[in-house]
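One structure, pasted below without further comment.
Going by the order they are written in, the chains are A, B, C, D, E and F; count residues from 1 in each one.
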Amino acid sequence: MSDALLKTHFSETRLKYTGPELRPHFILSQFKIQGSAILAFRGACDVQTEELVDWEDRLVQDSIRATEMVHFLGEFFGPTLRETVWTQRLFIGILAEILREKFSVQTTRTGDDLWIGGRKLSVSIVTSSAVSQLLHIGINIDPSGAPVPAIGLAECGVDAEAFAREALSRFAREYTGVWDACTKVRPV
Amino acid sequence: MSDALLKTHFSETRLKYTGPELRPHFILSQFKIQGSAILAFRGACDVQTEELVDWEDRLVQDSIRATEMVHFLGEFFGPTLRETVWTQRLFIGILAEILREKFSVQTTRTGDDLWIGGRKLSVSIVTSSAVSQLLHIGINIDPSGAPVPAIGLAECGVDAEAFAREALSRFAREYTGVWDACTKVRPV
Amino acid sequence: MSDALLKTHFSETRLKYTGPELRPHFILSQFKIQGSAILAFRGACDVQTEELVDWEDRLVQDSIRATEMVHFLGEFFGPTLRETVWTQRLFIGILAEILREKFSVQTTRTGDDLWIGGRKLSVSIVTSSAVSQLLHIGINIDPSGAPVPAIGLAECGVDAEAFAREALSRFAREYTGVWDACTKVRPV
Amino acid sequence: MSDALLKTHFSETRLKYTGPELRPHFILSQFKIQGSAILAFRGACDVQTEELVDWEDRLVQDSIRATEMVHFLGEFFGPTLRETVWTQRLFIGILAEILREKFSVQTTRTGDDLWIGGRKLSVSIVTSSAVSQLLHIGINIDPSGAPVPAIGLAECGVDAEAFAREALSRFAREYTGVWDACTKVRPV
Amino acid sequence: MSDALLKTHFSETRLKYTGPELRPHFILSQFKIQGSAILAFRGACDVQTEELVDWEDRLVQDSIRATEMVHFLGEFFGPTLRETVWTQRLFIGILAEILREKFSVQTTRTGDDLWIGGRKLSVSIVTSSAVSQLLHIGINIDPSGAPVPAIGLAECGVDAEAFAREALSRFAREYTGVWDACTKVRPV
Amino acid sequence: MSDALLKTHFSETRLKYTGPELRPHFILSQFKIQGSAILAFRGACDVQTEELVDWEDRLVQDSIRATEMVHFLGEFFGPTLRETVWTQRLFIGILAEILREKFSVQTTRTGDDLWIGGRKLSVSIVTSSAVSQLLHIGINIDPSGAPVPAIGLAECGVDAEAFAREALSRFAREYTGVWDACTKVRPV
């Protein structure tokens, strides 16, 4: 039993992300971390069309692949899907801030995508289960195998673990900050 | 900035409860405690009819008075009014559990009231602001002045501060337990 | 068509509880009772690990078994999961109140569990479907077969049917009381 | 304490409607009816610009006046504003159904307005308080004094009380029907 | 990317409705229309008992059949099930208004059913998915094969396509009107 | 009547921001723009302590002042306060993106604040009314008069109107993108 608003964990163990990890209680059942949480880990990415949750992508028979990514897998109990999409967009923005401020890497954000020089750095999705909202963000380390022009952290000289740990830390602070902001304002 | 789900505080300073304390951000503005929280303190109670938030009581020109009570003042950001009424009822139940288990005092609960031998031990109300839900529970220490047959903790030999501190502790544990219970169940 | 807030029914027919009964519209499809409702019945309990909805229990390969229980199966249309967990906790508290007041049996409540002298009297869970919240509470009558030290109503001399009928009646009154409490308070 | 989903009441006593009646707990404090409810009564209507809750009307310095109307005043605990606007639109539709089926009066509905031959039969608004949603529908009996071309039930030969009682009855049935519809569908 | 609140589409292509079309993203995956939307099309109707989402009908082994219907299939992202049932009832009311005003056909509405002279003109259901609310309304064109006394638009001389296009247009206007009504009222 | 999800407007007319503009329907009543909207305008800023909605600031007797700011005033019908705080944080992030990408100005974001070289560029708050969520962001043009070390767009060579128009445009696109993201994902 713990009363933190959001837990974060960086797993040293590599894990291949294939899609079905985006399910309720994956973090609880695999990592014994209960409650709203973000898990980060490194590993390959290989999501076949039939595992995609995004209908836009399914309809064009898309798939997702990279030799190595740093993955952020989030589960949030309480918010709506739409609130969680705003959360995702800001998380993507935070990743861009870290890359610029800590690693001098300039990216461009469009919605939930990050780009470097026209090449794609990230994939991301948010969806709902009956008990929670689920988030996946994958940031290429080695993008080889990707079906589109892509770039990775390795080519940019970014240490993936340091990057991920900083992202977990900043996002957790932002998350608490957002909750705090709701508890100090006089209604009008 | 703190990320606990619920904060609790027992104030040694006595405070008279007159009704308007049941407002958003009273705990923040008076005690610098931000977020969902329960504050406990001792003090007189004198709520005039025009300060009552309960229409049933207002319509019969009721009022609330006692020479000394231990007050629990709660503010909850996020839940609905109805969820908070369930929370209140369970809090009242917890107070009864503590009286029985720690102080060997038998009470009877009906809704949000506690009774001992037909005499009233408590008053309580839950209401809404535009940004939060608000809870007041007053447990008589010295009920003199009450407009109905009443009894207090003093007559029962119960130390009000020890009682209040145990209540804050148990309720905070229950609160966290309820949040935890929402994050571990497979949907059906 | 009926406009009651909560229906209750005690079924004389025995039913074995195995887990899948905790699904939307079980009460409607089996008992023709429509809307938010609590059903009570007696019967064995045998829930295998793979039927458990509680991940904490699944992860330790737990299971639930008793020769005879009185079961309370609730379905609530409208509230959130978290509101329903508060409801569950109060229901458990009401069961303890009845045992003490009507049957002179002292129990201890911790969260959603009831204990007598360190032996477990109850099991309980709340979960969500896409259209409702679902509640199961099982109170041992004959706990034999239980995987943990347990006790039952029979050993305590409690008539299970009288106990269950009183519980349905008190809970329905509490439920209506909670709704009423939301319709009489001046906002602040 | 009552557990009906919606209460209805036709008040024989005439009441002038001036705007501030559209407030939380007017029905409870004036008629001792607690919970979601619709009250109907006859009386003049005189709502000055500064009492209007509709900004579209306030901005054009509108006002509402009629010598006699049958008023429906509703308060709903639980739904959102938007759900209540749907409820209002259907209520207006039910009024048109009754006029046609019981009184052979043909009306045209546009949004929350009823018209007969280009003349206005009704006024209506829905708004929010911090604890409930509030609805007013006024159907002209004698429209004299109205700032726009208007018509009333008297000219149409409609008995206002019979009309109002039928409206309360049909709306209550529809209300229960809508709640029932939410408790019998398999999610997809 | 489009920012309309509700999209509507009349499909010239005939489609047989068998039940499973009432699922999330059917309109997106089949018609490339994203967001809250209503689709209309003509086609046979043949929903077997096991495909029914209505437990009342399933329990009596009901089924739905007609040689030709005009179908309205809606998906709404954001509202609750109960709000969507109000929406459905009003949509049914709008269909009755169109039949009377444009086609001089008198119908009677009871809940979500339309009748002409004791014969059934329509079928309808609303249910939930984890990400949206779903609506089906079927209006008989040729009711032959129906398991109950039924009537269709053909016998009434109503052009099904003109009827459907008018319904989509009026409903979209109503939908926007309801949203607008929520954005102009002073709270009380 | 319009069915866009979010309206934006840049007002050429200067307006002094003093705090009470952060109220429901300011945009509707002053600019005839109905529905969820963002208004931008230039003007002085002078918010006295007693007009502050932020209790943290009120408690330290803070105030807000600048000779000229570009103000963004938003009103959102439908979301919760917490969702709107996420929205605010992302809007602040977008402002930083525009400053960097279009005007080569590097800023640092901490929560809802933007900084340049340790000097404050912005003020911002989100609060609730009973019918909507309200947002104010003020970006200094000329910060003179500010009670803390501050910097403005003028010193950075940024054209305030071009900046504001780009911000409205990008935010409206993001807003629609977030709504779209909720309507295309398979639940898990």
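Please note the rule applied: a contact is a pair of C-beta atoms (placed from the backbone, for glycine too) under 8 Å apart; a residue touches a chain by one contact, two chains touch by 3 or more.
It should be emphasised that the depicted structure is a prediction, and the values quoted were computed from it without experimental measurement.
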- Intersection of contact partners for chain B and chain F: A, D
- Note on the structure: Maximum distance between Cα centroids and chain E occurs for chain B
- Compare the contact pairs of B-F with each of B-D, A-B or B-C and report the one sharing over half of them by residue number. B-D
- Item | Between A-F and D-F, the pair joined by more C-beta contacts | A-F
- Go ahead and note the Å separation of the Cα centroids belonging to chain D and chain E. 27
- Would you kindly tell me how far, in whole Å, the mean C-alpha position of chain D lies from that of chain C? 41
- In chain C, residues with contacts to at least two other chains: 24-25, 28, 34, 55-56, 58, 78, 81-82, 127-131, 177, 179, 182, 184-187
- Query: If each chain is a dot and touching chains are joined, what shape do you get: line, ring, star, complete or other?
  - Reply: other
- Item | Interchain contacts, given as pairs of chains that touch | A-B, A-C, A-E, A-F, B-C, B-D, B-F, C-D, C-E, D-E, D-F, E-F
- Please name which positions on chain D make contact with chain C in the complex. 1-6, 24-25, 28, 34-36, 77-78, 129-132, 172-173, 175-177, 179-180, 182-187
- For the complex, which residues does chain A have touching chain C? 25, 28-29, 32, 34, 78, 130-131
- What part of chain F is in contact with chain B in the complex they form? 55-56, 58-59, 81-82, 127-130
- Note on the structure: Residue positions on chain B within touch of chain C in the complex are 22-24, 52-56, 58, 79-83, 85-87, 89-90, 93, 97, 101, 108-109, 111-112, 125-130, 134, 174, 177-179, 181-182, 184-188
